[in-house]
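Shared between the two complexes below is chain A, which has chain B as its partner in the first and chain C in the second.
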Partner chain A sequence: MLIFISRRLVHAIPVFVGISVLTFAMLHLVPGDPVMIFAGDKPMTEERAVMLRHQLGLDRPLYVQYWDYASHALRGDLGVGLRSQRPVVDSIREALPGTLQLTITAMLIAAVVGITLGIIAAIAHGTWIDTAAMSFAMLGISMPVFYSSLLLLLVFSFRLAWFPATGQGGFSRLVLPSIALGLASSAALARLVRSSMLEVLRQEYIVTARAKGLHANTVIVRHAVKNMLIPTVTMLGLQIGGLLGGAVVTETIFSRPGLGRLAVDAISSRDFPLVQGTVLFAAATYVLVNLVVDTLYAAIDPRIHYR
Partner chain B sequence: MAKHVNHDTERSSMVSMATPCLHRVGRRLVSTLGVSLALLALVACGGAPASPTGGASAATSSAPAVSATMAATSASSVATAAPAAAGGNTLTYGLGFDVDDTLDPQVTNYDSTIRVTMNICEPLVWEPEPGKYQPALADSWDISPDAKTYTFHLKKGVKFTDGTDFNADAVKFTFDRVMDPATKAGQSHDQLGPYDHTEIVDPYTVKVVMKQGYAPLLSNLNGYLGIVSPSAVKKMGLADFARHPVGTGPFMFKEWVPKDHITLVKNPDYKWGSSMFKHTGPAYLDQIIFKVIPEDSVRTGTLKSGETQYIDQIDPLELQALKADPKFSVIQKGQPGSGWTLLLNQTSKGAMSDPQVRLAMEYAIDKEGVNKAVFQGLNQVAASALMKPTLGYDAATEKMYTYDPEKAKQILDQAGWKVGSDGIREKGGQKLAIDFPIISRPNDKAMAESIQASLRDVGIDFKVNPLERAAARDLIKQNKYDASFMWFSYGDPDVMRTLFASANADAFNRAKYKVPEVDKMLDDAAATTDTAKRTQLYAQIQERVLKDTAVVPLVDTIVYNAKRAEVQGDSIDALASYVWLYDVQIKK
Partner chain C sequence: MAQLSVSARSQMQERAPAGRSPAQETWRHLLHSKSALIGGSLLLLIVLVALLAPYINLYDPIKSNMRSPLQAPTLAHPMGTDRFGRDVFSRVLWGGRLSLPVGFVSVVIAAVAGVTLGLIAGYYGGYIDTVIMRCVDLLLAFPGILLALAIVAVLGPSLLNLMIAVGISSIPDYVRVTRGSVLSVKERDFVLAARTLGVHDRLILFRHILPNVMAALIVLATLGMASAIITGSALSFLGLGIRPPTPEWGNMLSEGREFLQRAWWVAFFPGLAIMLTVFAINLLGDGLRDALDPRMRGS
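This part shows the complex of A and B:
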């Protein structure tokens, strides 16, 4: 297992290099001179442009710039925000807990609701319960996050005043945004769990287990659920990307501090070190989460061995 | 030149009524999808057990706040905590835009930042109405007739909240730091105009000297030029001061949880309030919490639910409901400066080079239609490049052009532009087409499409080209456009120089309007303190740029803030942007 993990980590290196090249290139691929983008609409003398270009290190050859950027990034130094004059890493560190809290809670909601609904639907296959669960899943998938967010706010914050509408801190401020964010994922998950469950239930070992006279619950929990976990865990891993993306919307609507809003605000204030830093961080997280998912396979299914 | 953020800047202070459809759909959903709500409620119960892991919890809200006087506190120690529950004497203010990662008034580029810092760092003068000034840290001032030398007589006995004395040194320090490249000054740099130097005449008298006459200075002091504590800046350094600003204001900085809230507390020693306020001594409020709530509909919702008591920029769809409800009060005020306009490129090589085409456009655009379609009718049809509340606004412009599509057609007919088979006019094989690159944003697109429909009716093909910001700017830089949007809120009519002076033909003078006579009038009007003379000059300029068809005024913008009725004593400045909270009381 350790060998597998270390090998996968080695494989992740080119991915990280690719990500760093892309985030670095971002600045140079967008139309317009980076210095002009930074200056905004203010007219700028050529003299000042040259000075700024030098200050920002943009007058060096591209490969030197990249090498500088990448070697600093390796040491955990993502540069300094142009407006705040603070290390980008500090801004990310500050925004991270909010986003982590939100995505982890949303993930838990997605997992609990999605898996439960999926299993129930599969067991009650063909009944009204199945139809209801799948209608919910359909609704969840088709409803964009900003919709469900506004809807939840309207009902539970503004009408019923059960939860505060904005900010971060405490359980009550976490409920609505994480439901809004978790909902879409739980819906996708419920559909997947239902179909994998149905497939597993048709397997011969389930028939055998039943024939042995095992209790129905034991058959489901010990034999069926374990076997449908592989596609489910894969799906959950992939959902992380969706959750991180969805956090941009949820954080804005619920006025929560977090990585998503950090990135969006950095874009609108043209703070490119901050944009590069947040993108690099999000991409790296995604890669790592999927590595974790792969590793989990072995823990879940003894048939899978990693060499 | 920019006092305020111009229209290309994302976070402008104007009434941005973007994406109303979103809220509408939201409401329809509520009524039609009752079933879904029941299901949502189900999930709410089912999902609840999931508890937050680590990070902030309610308990951390009592964590010691970063105090303004604790200068050495490192920036990263800003607590991640929920704002304290809004007590009796706390005002929770819903900011529409976030601050731009700094609370240093001289570094920021955003009006929203000044909405916070104006309570901490007071300026020399306040401007409650355009062109009317009130003493703040200066008791009185004399201006040389050529508007080159400003002498300020400062208040005595004023202290910064870190204990430093306020005096002429602090004023000189503040203005000089704006010019220091190391400060990387934001808007404040433009506000100081042709600043030369500050002379300390005696400890309580300063002489601010301009390189050329610069009448807008007094107006510009109100905001980005708030005076900062020199010792605090020197002690903390730039990055730390930006997170713990120190001034002389009625409120002091307490804590800042980025992208969540900023808390200010009352300055108990404050006794030098401007004579324009209704009381003296410390502020009534113990605490102000500025909450950043970017979504219009959510911000308005929090006002209704009581989570906030005062908000910037309401959701336009809620205006009638808020006005009708005695629990709320809407604060409505027109902005000074230059409103939404179309600047017509005078150097265009296309059909636009025909002055008759430009003249036809003055008549052809349905401005009320733009106001209704894009702003729900909440703004006001414009007649001049200057908005109505601006000093020197010329009412005579209202009679120059009216919406008259028939007249537009007639002008084009006479100029030889004949309607082609596709309804678009042409002359000598040339189509009457106008290139219009815009930044792809909801408001800009909606306005452009409304204008496009008006022009299409008279046979003009208005080619709207929505682009990414930098791409649009590139086209404009290369002079590949016929018309451009502009919006420029500003406290002084000198904004006309930004928009129409030859010297700015490669900047905001997107009409590339170059008339030496107008240049001279613009310079003369800025270099005198004689209001009658300025008014007369600006009237001439306003009429002249319309006569030369350099600009089509579209709409004047109006700010709509709202508050709960129990909030009393607030007032809003000349720019309709900054809210004075010193006199505010919350009456139950």
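This part shows the complex of A and C:
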């Protein structure tokens, strides 16, 4: 197990290096002189540009600059935001809990709704219940997060006034954004759970279990669901990316402080150190999360050996 | 389908009953698939309406009319008016002329790049394969919309950059699907035969291997168009894509968001247009998958 995890960690190192190179390159790929980005709207004379370039280390060779950037990042120093003039790490640390809260709740909603809907549809295969569940799932995957967010806001905040529209803090402010965010994932999950459940139900061991007179519920819960969990966990892992990405939109609509909004605000105000920092952080976290999912996957399925 | 290699064609014919060609067989299944028919016709209608927008329009989609701001839907304005008194219906029609091409062009960008890389990686294997797949892993390390966001951050917001950003961020799917299929096909007899005959690699790749990947790619590209439209309009919604006053479904939704409480129609209808389009494409994609994949038939 430990060997398996450490092997995967070693394999992830080139990806981490790649991410850091890409985020470092962002600043230099922007058309124009990086100094102009740091200067912002302030007027720029030639002498000031030279001075600033030297001050920021932009006159050094690229590999020196990258080394500097990467070694600082490893020590948890992602530079200072241009607009806020605060360490990027502090901004991320402040925004992180909001995003975690949102994505974890959305994930729980997606898992519960998606798995339940998928199992029901598979058991009722071919009936109107199946059709209804799958039509709902089809609508769900076709609904962009920003549209479902606005519709939920319109109905439950503005018309019915059940939940506050914006801001962070408290359960009531978490309900609408996490439903909006979880909806699309739950729909995708329901479709997958249904098809893998249908596949499992056709297997011989299910027929055997039924033939030996086990109760229908026992067959479903003890034999079928267990085997269907493996593709489901993989799918849930894949949904994390969608949820983190969706958080960008949801946080903006519901005015929740979080990583997504931090990134969007940083891009809009061309605060490049902050953009680099949030992108680097999000990507690195995502890679780590996937690693955990892989490990879980191996832990659930005894047929997978740790190699 | 005219470019199917001989052996692939004979293989598909083995599965097709009653001497129909694989193309005919696919059509037959497509026409019998309820989801493909509904999705296809809905999409056709949406595309036609967007194409004909300049001819059926009654109102200018950009010029403001300050005498009638934020009017609820009436017969004259079936979807109401926005804060500048512009007809939302006209703007939704014109918006389709941007939102639909964004989806289409970015899928083309992603497919051309992804398929080429996938063919090369799968066919040559070894060192090239490792390098290409590592780059794909790297692209996949950026969750969801984040990669497109980062690319737009670098290139700056514009229609072309939006298409490039959405396109690049969906390259990995095409590489993986193409490479996987190439790996399963390249050791088959008809490829080995072509190679023994000294057929040029490029010809083998495009004439013998690609047709065998085509079915999977058509489905992927169709479903990819749906997600490209969502990502594209999401970027515009966030103010990082197509900027107002140019009508585009995403930025219209974003403008409407400010008036959600007073004038729901300004945001409701552009959003509905996105959802219906994506819904139609997803239905069509599902139907295509069933029709193109013999294993899915009858299930």
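Basically, the second predicted complex is superposed on the first by the 302 of 307 C-alpha atoms of A that agree within 3 Å, B and C clash if a C-alpha of one lies under 4 Å from a C-alpha of the other, contacts with A are read in each partner's own complex, and residues count from 1 in each chain.
Basically, a contact is a pair of C-beta atoms (placed from the backbone, for glycine too) under 8 Å apart; a residue touches a chain by one contact, two chains touch by 3 or more.
What you are looking at is a predicted structure, and each value in this text was computed from that prediction instead of being measured.
Asker: On chain A, do chain B and chain C fit together or clash when superposed?
Answerer: clash
Asker: Based on the superposed arrangement, let me know which partner A:Thr208 touches: chain B (first), chain C (second), both, or neither?
Answerer: A:Thr208 sits against neither chain B nor chain C.
Asker: Going by the contact rule set out at the top, does A:Ser71 touch chain B (first), chain C (second), both, or neither?
Answerer: A:Ser71 contacts neither chain B nor chain C.
Asker: If you stack the two complexes on chain A, which partner ends up touching A:Gly18: first (chain B), second (chain C), both, or neither?
Answerer: Only chain C is touched by A:Gly18; chain B is not.
Asker: Look at A:Thr131 in the shared chain and tell me whether it touches chain B only, chain C only, both, or neither; answer first, second, both or neither.
Answerer: A:Thr131 contacts neither chain B nor chain C.
Asker: Under the stated touch criterion, name the partner, chain B or chain C, that contacts more residues in chain A.
Answerer: In the superposed model, B touches more residues of chain A.
Asker: Which partner chains sit in contact with A:Ala161 here, chain B, chain C, both or neither? Use first/second/both/neither.
Answerer: first
Asker: Looking at A:Gly245, would you say it contacts chain B, chain C, both, or neither? Reply first, second, both or neither.
Answerer: A:Gly245: touches chain C, not chain B.
Asker: Just checking: does A:Ile253 make contact with chain B only, chain C only, both, or neither of them? Give me first, second, both or neither.
Answerer: both
Asker: Could you say whether A:Leu152 touches chain B, chain C, both of them, or neither, answering first, second, both or neither?
Answerer: Only chain B is touched by A:Leu152; chain C is not.
Asker: Given the touch rule stated above, what does A:Met26 touch, chain B (first), chain C (second), both, or neither?
Answerer: second
Asker: After the overlay on chain A, which stretch of chain C ends up in the same space as chain B: 26-34, 170-178, 242-250 or 278-286?
Answerer: Stretch clashing with the third chain: 242-250.
Asker: Which chain A residues come up in both lists, the one for chain B and the one for chain C?
Answerer: Residues 30-31, 139, 143, 146-147, 150-151, 153-154, 158, 252-253, 268, which sit in both footprints.
Asker: What residues on chain A touch chain B, complex-wise?
Answerer: Listed in rising order, the residues of chain A that touch chain B are 30-32, 36-37, 40-43, 51, 81, 83-86, 90-91, 93-95, 97-98, 100-101, 104-105, 108-109, 112-113, 116, 136, 139, 143, 146-148, 150-158, 161, 164-175, 178-179, 182-183, 186, 251-258, 261-262, 265, 268-269, 271.
Asker: Applying the document's contact rule, which stretches of chain B touch chain A when the two form their complex?
Answerer: Touching chain A: residues 2, 6, 8-11, 22-23, 25-27, 29-30, 36-37, 39-40, 43-44, 46-58, 60-61, 75-76, 78, 80-83, 98, 100-102, 107-109, 181, 184, 190, 238-239, 242, 257-261, 291-295, 297-298, 301-302, 304-305, 307, 468, 470-471, 473-474, 504, 506-508 of chain B.
Asker: Taking the touch rule as given, give the residues of chain C at its contact with chain A in the complex, in rising order.
Answerer: Chain C residues touching chain A: 134-135, 137-138, 141-146, 149-150, 152-156, 226, 230, 233-234, 237-240, 250, 253, 256-257, 260-261, 264, 267-268, 271-272, 274-275, 278-279, 282-283, 286, 299.
Asker: Report the residues of chain A in contact with chain C in the complex, numbered from low to high.
Answerer: 14-15, 18-19, 22-23, 26, 29-31, 138-139, 141-147, 150-151, 153-154, 158, 198, 240-246, 248-249, 252-253, 263-264, 267-268, 275, 279, 282-284, 286-287
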